[in-house]
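Okay, got some structures for you below.
Both of the next two complexes hold subunit A, though its partner changes from subunit B to subunit C.
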Partner chain A sequence: MSNKTKKRLIRILTVNIPLVVLFIVTIFPLYWTIVTSLKPENQIMKLPLKYWPSPITFDNYKYIWNNMGFDVYFFNSVMVTVISTVVCTVVSLFGGYAIARYPYKGKKLTYLILLVSQMFPGVVLMIPLFEIFKNMGIVNSPYSLILTYTTVRIPFCMIMISGFVAGVSPALEEAAQIDGCSVLGAITKIVVPTIAPGLVAAGAFAFVSSWNEYVYAFCFLSSERYFTLPIGLKLMKGEFSVAYGSLAAGCVMALIPVILLFAYIQKYLVSGLSAGAVKG
Partner chain B sequence: MRKAVAAILALSMIVGLTGCAGKKEETAPAKEQTESSGEAGKKEGESTAAETTKSAGGDQAPVTLTFWHRDGNTTSNPMFDVIIKDFEEKYPWITVEYTGLAADSYMTKYNTAIVTGETPDVCTISNKDLNTLVAQDALLDLEDSFNQWEEKDQMLPEILDSARFLSGDGKLYMLGYGMTQETSWYNKKWHEEHGIEPAQTIDQLVEYSKKYADKSKGEYYFTLRGGAGSAENLFMFLMSYAGVTSLFQEDGTCNLSNPKIAEGLDVYANLYKEGLVSVDAISNGFKEMVAEFGSGTAQYMMHNSSSVAENEKNLGAENVMVVKPLAGKDGIAVCKAPSFMGAAAFKATKHPEEAALFVEYLASAVGAGYADVTEGRVPVNKGIYEQDWYKENPYYQVYATFAEQGVKFAEFPFWLDGYNEYAKTNITADFQAVLHGEKQAADVCNAWANDLGKMQKEYLSK
Partner chain C sequence: MQQKKEKRFINIRTIPYLMVLPSISVIVIFMFYPIFKTFYNSFHHYILTRPKDYGFVGLDNYVKLFSDPLFYKSLNNTVIWTFFNVFFQCILGLLVALLMNTEFKGRKFYRMIVFSPWAFGGMLVALIFSYMFTGQTGVINDLLMKSGLIHERISWFSTGSLARGTLIFTTTWRGIPFFAVSFLAALQSIPGDYYEAADVDGANNIYQFWRITLPLIKNTLILTTLLRTIWTFNIVDIIAGMTDGGPNNSTMTLPHYLMTKFNEGLDIGYSSTMAAAMALILAVFAGVYVAAGGFGKEGDL
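== the complex of A and B ==
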């Protein structure tokens, strides 16, 4: 065996095959979820297992959309997540900018408080938040979720964005201001385009964590017309029943926006995460 | 990038505005809700206009009840749509707003609602939950309205007695609409093909398990539950094996220290140790066990009547059947006393009369009959016995013969503080350790007897 063949063989054994195995292990649950969602409910348990649905049916999707309220849950999830993500990103941008640019007393303490706020398990805040929202009259409405998701995500996003802002030279903004730009103009025209990957990373974090959130949604919402997708998915598993086909269809439905989002922002996200990791 | 940000902002505005618009369109139901106890934050007068449309039913003022179901799922949500529609036709001035909750977290929701004063008018509960809710002074006493109810004599007296006992203060807070009967399920088609009757004794189960287990094909006779919720199957097996019909003696001593119980545990554990059940059985919870049975991996399963929909869906209604639980050598089969589901009204309701009406409707022969046939529960309203579906249902005919076939019903100690947690954690972990061969059957049985005996004696001393 020649040296070249040996090297090739070693590479196949140590790199290619493990990568293929890892890929299969990672992708198989997703594949299986999609396949299950396309099988008739009474064939899901049948042995021998079918790795490709035959016949393919979209009944599970139709059923959960038309009969289990997923049309409403999907819309609610989109509404709550998009609004909270946008508000969170915008507020975090200005907050992060302030932390990065302006020296003030107690700056380290602010940082510490923002970090500590991320260390409480969400369930601790459940009853106090419920009481607050009850007094505000927004229990059992999407506004309670929008407010919660926004405020809970802001500290982390703010810290993340401040790291990116710190990496932008103040001289760029000063130059813009000399040319007649206001502070706000300098932020939107100079800082935002420069730290776009960081904004996207922060926004993606806010989006995904809000999209998947269950505990607060289950606690604050009591009417099905306001339920979000994670609550709807839980209803696919009863005390003595599991609707695997519907559950899989619901999961796929819930995954689609996240996959589309990540497909679009992937290029920003990768550079954003790596850039954020080394600046602070 | 600018375009992308603009697009996101525009989209969020559109969605936000649409969301607001959607909310406005839903003003009518939202306003109706102000009549319920759960909408304390809204103004009372708001409901008038929206509810005028409901006033066609007669002189009564329109009323909206909020109703939470403890196990919202693909079976129960459509079922309650039908029941509520029928109820609203019968009582046209009442509107019921239904919310199905996830079965594994409904008590969190109930407890939060109680603490924050945001309870619905009516809810469904299991008999296991009754004590917890009554202890928080959350439920409405239904005794008076029940005494005036035309179907009160049709309710099984033992269910009413049990509801009064479990409440802790002897009052009636819950009306049952169906029981869950412990039983054994078998694959009828497979048994016919092999020319055998399903196992009715533990000896037969062991014999069939040895004969039909084929590890290479991944096929077994029995599906053992070793994970979540395994304590109930385990106790039924052990008590039947030992011929012990009660977990406790009168003085509170626990019978699990009986040497025959430990012997039974060895027999049960050996099914796993000898590879006569699937290797996954050690972590099998409900859904894994039902999946093994439904996929044909196993042909016999100890579970209750409520898995009927799953079993019929997976194997076909014509291929599944129930049989009495396994008996020990002396012919006694011990099974957990049926647990029952029912409806209750929360004390904070602003419409106690209408709430009681709805609770009674859910327990009535019409309401409960539909719920029982849909969910596979055993009726607790004798009026249902006259309905055709009940007479023709093959499962109920089998359940009806349990008592004469030597089945003894044992109460599992849900009345003990901490029993549920103890069963979930200690008993399951110890059982898995025995299956692994890390602990001895006699040691864990003695430990369980000691701990449960202590709890029971403490309970008796109060």
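== the complex of A and C ==
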């Protein structure tokens, strides 16, 4: 064997084959969920298994949307996630801007609070938060989730946004302020447009993790009309252990928004990590 | 000019405080105060549905906790669960990162695919995989039978060790991207000429990995495994969605036990004791781990 063919063989063994294996292992669960969701329910539990749906049907989607309350769950998820994401991003923008631009007393403490709170285990916060929201009278309502999601995503978003702000030269804002622009004006008119992609990325991280959140939602909510998608999906498994077509359709439905966002933010995953840490 | 500045209500010194005030105050109210409250409640008899029985009980809850056999069982399960998850995710994540760091066509698209499990929520992953692992009509059994690896369908959730293995497999699938991304970021910050110099000296790839790559990503390794240990320790959704602690509590971890217990009786006092114990275990672990790993010394990037 010549040296060249040997090198090529090594490359195929160590690069090409692992790449193919990894691709299949990653993509197969998604493929299988989509295929299952498009099969008629009576075909799913039948052997031999079909690896391609025929005939293709959208009945599962129609069924869960109209009969299983997924219209409500989907709306609840969108509402809770969008509101908490927007609030979290705006609050983190100002906080992140302050730690990136101003040399104020107590900056180290701010950093410490952000870093430490990122490590707080969610289950430990769950009980006291339940108690607090109970006293506020909002435990079984979307407000409890909005408050919780906004708060627990702030540390990560704030660190990430401050990283983006620090990466931009302050010259432009200073010039604007000399020309009579207020700090608020400088932030909204100059900083926001410059770091817009970063802001969207930080918001998207918050969105994805809130969208998928289960523990708090399960503990705080008791009325079905407030349930979010993860709770609705879990409910289906408990009630109908065999309705896998509906379950798969529900999973695909819950996946669509996050997959779309993910396609956008995946290029920030690496830079986001150097700024803070990706939770999940 | 000077006078004008002083007259302004918001002067330049208070601006940064006003800006961090909203975020820091919600973090203190909804994150730090609850941690304090957890410890506080753990010394009290406190059942939400029986407010009249509320009172200070000292260490009673702790005594009760340390004589609870299910606490020890779930603690043991949690250690096994966390260790194997972090171990497999870390090794496989490093391999994926090394693979992604090589040059090949379509790398960007490929990277998007490979990192996508990160976007899957825990509950989704749990439901999708429990469907794939179904005994009779599950696709995993079907594929294994077709490839001739097994001759009888395995019922994956029937015994404790099988259920545990299936859960760890599922969580590893979801957790690899996190490690891969962290390691990739660290790998990309290693200057290429280190390897060139090693090539000139005739060092082979394996030697280069142990002598250059590994020491330089050591800090990332320590930090990511630490963060992942804390998060894996706290996972509830995947367990709740796949086995709900079964069979026979063999996949019941501490957080899952805590959540179940709390939702059953709304016993804030006792659940808080468990939460406090968990927080202490994690804090001690984190401290020892960082100190033992020599985080921050040498090999800093």
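The definition used in the following text is that the second predicted complex is superposed on the first by the 235 of 280 C-alpha atoms of A that agree within 3 Å, B and C clash if a C-alpha of one lies under 4 Å from a C-alpha of the other, contacts with A are read in each partner's own complex, and residues count from 1 in each chain.
Quick note on the criterion: contacts are C-beta pairs under 8 Å (C-beta built on N, C-alpha and C of every residue); 3 or more make two chains touch, one makes a residue touch a chain.
Given the structure is predicted, the values throughout are model-derived calculations rather than measurements.
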Partners on subunit A (subunit B, subunit C) - clash or fit: clash
Subunit A residues touched - subunit C or subunit B, whichever exceeds: C
Subunit B versus subunit C as contact partner of A:Leu235, first or second or both or neither: first
Touched partner set for A:Lys46, first subunit B, second subunit C, both or neither: both
Which superposed partner A:Cys219 touches (first subunit B, second subunit C, both, neither): both
Partner chain(s) touched by A:Val139 [first = subunit B, second = subunit C, both, neither]: first
Contacts of A:Met119 with subunit B and subunit C, given as first, second, both or neither: second
Contacts of A:Tyr111 with subunit B and subunit C, given as first, second, both or neither: neither
Partner chain(s) touched by A:Glu131 [first = subunit B, second = subunit C, both, neither]: both
Steric overlap of subunit B with subunit C in the superposed model, located at which of 278-286, 332-340 or 350-358: 278-286
Residues of subunit A that lie at the interface with subunit B and also at the interface with subunit C: 45-47, 126-127, 130-131, 134, 218-219, 234, 237
Residues of subunit A touching subunit B in the complex: 41-42, 45-47, 63, 67-68, 75, 78-79, 82-83, 85-86, 126-127, 130-131, 134-142, 192-193, 196, 203, 218-219, 222-225, 231, 234-243, 246
Residue numbers on subunit C that touch subunit A, as the complex places them: 13, 15-17, 19-20, 22-24, 26-35, 37-38, 41, 48, 95-96, 99, 102, 104, 108, 110-125, 127-132, 134, 136-137, 139, 142, 173, 178, 181-182, 184-185, 188, 223, 227, 230-231, 233-234, 236-237, 240-241, 255, 258-259, 262-263, 268, 271-272, 275-276, 278-279, 282, 286
Contacting residues of subunit B [partner subunit A, same complex]: 1-2, 5, 8-9, 11-12, 15-16, 18-19, 22-23, 26, 29, 33, 38-42, 66, 68, 71-78, 97-105, 108-109, 112-113, 115-118, 120, 286-287, 290-291, 294-297, 304, 306-307, 309-310, 313-314, 316, 376
Residues of subunit A that touch subunit C when the two form their complex: 15-16, 18-19, 22-23, 25-27, 29-30, 32-33, 36, 44-49, 91-92, 94-95, 97-99, 101-102, 104, 106-107, 110, 113-114, 117, 119-132, 134, 147-148, 150-152, 154-155, 158, 183, 208, 211-215, 218-219, 230, 233-234, 237, 244, 247-248, 251, 254-255, 258-259, 261-263, 266-267, 269-271, 273-274, 277-280
